[in-house]
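Take a look at this one; I'll ask things after.
To keep things simple, chains are lettered A, B, C, D and E as they appear, and every chain counts its residues starting from 1.
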Amino acid sequence: MSDALIVVVLLLVAGSATAAVAQRDPARQALVLSFLGVLLAALFTVLQAPDVGLSQLAVGSALTPLLIMLSVRKIRRRGRSEEEDG
Amino acid sequence: MHVLPYPVAAYIFLTGCYGLATSRNLIHAVGCLAVCQSATYVLLLAVGYRDGGTAPVFSDMKPGSRPLVDPVVQALTLTDVVVGATVTALLLALVLQIAKRHGTVDPDELRELRG
Amino acid sequence: MHHLIPLLVAIPLLGAALLVATGRHLPRIAAELTGFVVSAGTAALALILLLNSAPPMVEWVGGWLPVDGESVGILVVGDGPALGMAALASLLTLAALAYSWRYFDEPPRDRTGSFTALMLVFQGAMCGFAVAGDLFNAFVFFELMSVVAYALTGYRIDEAKAVQGALTFGIVNSLGAYAMLMGIALLYARTGELAMAKIGRGLDAAAGPGGPDALVLASFVLVLTGLLVKAAAVPFHFWLPDAHAVAPTPVCMLLSGVMVELGAYGVWRVYGTVFAGPGGIPAADLTRALVTLGALTAVTGAVMCWYQRHIKRLLAYSTVAHTGLFLVGLGVLTPEGDDGVALYLLGHAGVKAALFACAGVLLDRFGSVDEHALHGRARGQLRATAVMFAVGGLGLAGLPPFGTALGKAITEEAVGGPFTVVYVAASAITAGAVLRVTARVFLGLGPRPGDAEYETSGSDEEPETSGPLRRIPDTMTIVPAVLLAAALAVGLAPGFGALVARSVNEAGSGGAHASAHWTLPGVLLGVASALLALALAGLAVSRPGWVAAPGWAAPLRRLQSGHVGDYVAWLLVGATVLGALALPGILGS
Amino acid sequence: MNRLRLWLLAVGGAGLAALLVAACLDLPGFGGSRHPYGDRAVRAALSRHTANTIASVNFDQRAYDTLGEMSILFAAVLGCVVLLREARDEHRARPEPADVARPVRRYALLVLPVALVTGLYVIAHGQLSPGGGFQGGVVAATALHLLYLGADYHALERVRPLGVYETTDALAVSSYLVLGAAGILAGTAFLANTLLPYGTFNTLSSGGTVPLLNAAIGMEVASAVVVLLAHFLDQAVEIEEEHGRGTP
Amino acid sequence: MNGWILAATVELGGGGAAALWGVTTGPPARRVVAQNLTTSAVCPALLLLAQGYGRPSYVDLALLLALLGPVGTLVFARLLSDDLAGERPGAWPLTWTAAGLGAAVVLALCVAGAPGRATVKLLVIGALLISGNVIASRALAGGYRGVRGG
């Protein structure tokens, strides 16, 4: 039973890792990465590592997406102000 | 007894490498590096797992009452998670500066350092 | 005494933390003085510990002394090579801080001490890596060293090349570090231990009659990939010229002078303690892998070095060539080879840091490090720098009595055979390139060369000071002079070679003692390299057509594409090649 | 896409994949029961009255690793501060305030204190239950940024005197190092957990220096993350390039 | 092993797969909705696991996810508000279904456990989870207008 759970979560993690690489647009990738972060936290819980799961949740669900999205925003804003310049 | 988690970790690592090598956007590349790193988490924790074990945290159970998984790999992974987050932040800061100085984040268009 | 070893890490970190805490209120001079004092204190501690390192010390951090041979703590080692590398890193940091005394006239607003603080963390990280006796702890300090190095490389955010080089550096090195961590996880799965010596014993115990298996090979490949990326062995080397050419000069002195060499040191330490036993990688396979990759690295580095016009990039490639030579010397696994490499490394650190310091003077005086653009511009001025650049070039060639010459002679003897040619050629070509720069830039000799198609030029760079310097500060002349003098002292000081040899052999896997002293063939080979370098430089200046880039060099230059994706692909290829080179021993046993 | 790169990638990837798969087959089976170091670590944690073995490994047995980890965070934040500083050709522009729907704003302001308390709880119980300085610190720091998400950037800037956070970060690092060095002064070893009594098992004050180091890390992480995010927010929101310059 | 873990497996497998599919395909609007629903899928599963493993201390994970998951969605709602402006994804039926699922799990666990501090904690988590999800949906459906610069 535990094994089945581990297998399910592992496959989901592998699938979302593939998806995170396949999304070429950084904003969409950030969405998948935040999903991957939460799934990894679930995997760590299943592997009986709640401490690691907590830190993965803390980092993966809000912090990393925030960093990536702020970078995306900065770069988009740059692009826009350049277009306005002509 | 099965070995599934290990090849999954290897697969995640190689997938991340593939994304890194073929990336057309440096922010995406940094994301792929984070994927590569999650392979190390999976591998480390898989190595430390024990069938039927539980976390060696004794706030809600008596020591010795159940089999325990390896705490050392968990501490290592914890360190690794922190390293991953900080490296991501630092690399993103560099990407922002590249966007400013080069006007692009496509590695194919960065043509300054050659030969 | 051994309790003090972790302070090598703690003191610089504490200094950095205090600088950051008070950075907003501290005048610049106070911040720099604090950094200098802290760095000097650490260097003094490293030297004191080094003098007491016979017999080798060990320390269990946290006081977790082993019970029945088992401990849960972290081991740090205080033997000659570990403390020697820590002392070297500390002294070079001290030199770099002294050199940057009047540097960067525009520090970040409100944060006067941040550059100094980063340098101190870098020093602490290098010391921590050098003394690590625990594989995961080595990874942690390896990563700390890398993180600081990325930030320092990209320090000049106004420079397009600098931020690009720093990102390439960051991605490739982080990937290497993650590969290393995968390797550590595999080793932990097999042995259940993290201290290097315990892992080694665990591998020996686990090895059946069949000897090492694929797991050992994979962990060997992964761990070495991380270390060789840092050591910039071909084909992991692409990041190095991109990063070293663009980093601020004081940082270049550290990166080329000691950080890359720490990668080679890591290879020596990890192989010797983890993989040298019967359950590890057979000696013949390691020799095949390291000597092949090392020779390739030396040749590639030398060829690419010759065709550079960006002076700092040229020096960076010469670092690649020399690490190749170090790897060959370590790969033969003889006590003589280890001794020679240790001396070579010490001499090289002094010479290379001095050369970078001189290149920094050019950058700050003329706002350019391009050999073609600077042609003849430094004639008649910067005499001291000109002399030091030429002397540094000769030191790079291994002209006796430089430390490089002594180290190279001993290593050549240990390696023997056809590889002597590689040593002579690589050192002569890289030195020839440096001497060529001297002749063109400082003496204005020869015609001004034309531009090639696929290359990085070094013009229109921003000086690292607030504007082009009219007068070079004394510190920027004294520091390279002291460094060159130190490189000379390594070769000249009586008994120093023997001392280094003894402490390396005490710690090394061999256990056998070898002598380290000048021999006639060694001196002659050193003189021959220097003469060859002079001849090459003369030829390049007087008959540029004869030594211009031939057709076959173009593809080699095209490989250095500046594209991070290419470098990642090469990293994977490198890991595969490393595996293939070490494979026969696994199959055969 | 460059053809050579794809070939290299195929060769390198295939080689490494083969190597890794071969290694996986030689690994001890998943879920095996041989963990010598892990078993020793559990015994050592119990002998020092630390209920959460992972905290014991992090802050006692392998506290030196945590020192390195903390330094990585410290260095990365310092690096980001340096890399994201205002360049010569940039200036700050006041952003327009955002128009946030009222329920979202209320939720953010309501959850903020809850998240802060949760962060502190996770830090404080680090040596007992899962959690610790790192996890709690990140939660507390993220909580503060609910002000940006729920209100606007000015609101966040008002409660975020950056200099204080930078100083706290550095002081937390210093206190970890000083606690470590105290071990040497006491004649044992760097980061030795022998200075304080180990206390009663499964109480907040158990574990000797573990709670102190844990608190130092919590302080360091919380302030470091705030500083880190502040610089990214400044870049994304405030700092603008001067027009007509900047790009080559 | 026991019913709790079986329920968690079903929840993680079903919810996870659905969220993965949603987050990787379709227009941006659908992706953020799927990202929001990840929290509602995984958080109850974490609660079920804590019960199934007999480890009350694992509940902290669900608490953190219930707190930070919606914060993550708010990040996307705010910083992608330009992309989402035209679409106003709300997906209210899905949101309320997920909220109902969360409530059901929390109630079941409250009934299974002895009343006490643990029950209070569970209820707090349930409240945070449901309110967080609803608010995050609200934020996606035009919670941020006229975000420019700020």
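Here is the rule we use: contacts are C-beta pairs under 8 Å (C-beta built on N, C-alpha and C of every residue); 3 or more make two chains touch, one makes a residue touch a chain.
All values derive from a computational prediction rather than experimental measurement.
S.K.: Quick check: which two chains are joined by the most contacting C-beta pairs?
M.R.: C-D
S.K.: Quick one: point me to the chain whose Cα centre is farthest from that of chain C.
M.R.: Measuring from the centre of chain C, the most distant chain centre belongs to E.
S.K.: Quick check: how many Å separate the C-alpha centres of chain A and chain B?
M.R.: So the centroids are 11 Å from each other.
S.K.: Distance from the CA centroid of chain B to that of chain D, rounded to the nearest Å?
M.R.: About 15 Å, centre to centre.
S.K.: Using mean CA coordinates as chain centres, what's the chain D-chain E distance in Å?
M.R.: 24
S.K.: In whole angstrom, what separates the CA-based centres of chain A and chain C?
M.R.: Computed value for the inter-centroid distance: 36 Å.
S.K.: Residues of chain E that contact two or more other chains, please.
M.R.: 53, 55, 57-58, 60-61, 64, 68, 71, 75
S.K.: Which residues belonging to chain B are in contact with no fewer than two other chains?
M.R.: 2, 4-5, 13, 17-18, 21-23, 30, 39, 46-49, 51, 53-55, 57, 59-60, 69, 72-74, 76, 78-79, 82-83, 86-87, 89-90, 92, 94-97, 100-103
S.K.: Among the residues of chain A, which are close enough to touch at least two other chains?
M.R.: In chain A, 2, 22-23, 30, 48, 50-51, 53-55, 57-59, 62-63, 66-67, 70-74, 78, 82 touch at least two other chains.
S.K.: Chain pairs that touch, all of them, please.
M.R.: Listed in label order, the chain pairs in contact are A-B, A-D, A-E, B-C, B-D, B-E, C-D, D-E.
S.K.: Quick one: which bits of chain D touch chain B in the complex? Just the residue numbers, please.
M.R.: Its residues touching chain B are 1, 5-6, 9, 13, 16-17, 20-21, 23-25, 27, 29-33, 35, 37-39, 41-42, 45-46, 51-54, 56-58, 62, 65-66, 68-69, 72-73, 76-77, 79-80, 83-84, 87, 125, 128-130, 134, 201-202, 228, 231-232, 235, 241, 246-248.
S.K.: Under the touch definition given earlier, write down the residues of chain A that touch chain D in their complex.
M.R.: 50-51, 53-55, 57-59, 62-63, 66-67, 70-71, 73-74, 77-78, 81-82, 85
S.K.: In the complex, go through chain D and note every residue touching chain A.
M.R.: Contact set of chain D toward chain A: 52, 54-55, 122, 130-132, 134-135, 138-139, 142, 145, 225, 228-229, 232-233, 235-236, 240-241, 243-244, 247.
S.K.: Spell out the part of chain B that touches chain D in their complex, as residue ranges.
M.R.: Within the complex, chain B contacts chain D at residues 1-7, 10, 13-14, 17-18, 21-22, 46-51, 53, 55-60, 63, 67-76, 78-79, 82-83, 86-87, 89-90, 92-94, 96-97, 100-103.
S.K.: In the complex formed with chain B, which residues of chain C make contact?
M.R.: Residues of chain C touching chain B: 136, 140, 143, 147, 150-151, 154, 157-161, 163-168, 170-171, 174-175, 178-179, 181-182, 185-186, 188-189, 194, 241-242, 245-246, 307-308, 452, 454-456, 557-558, 560-566, 568-569, 571-572.
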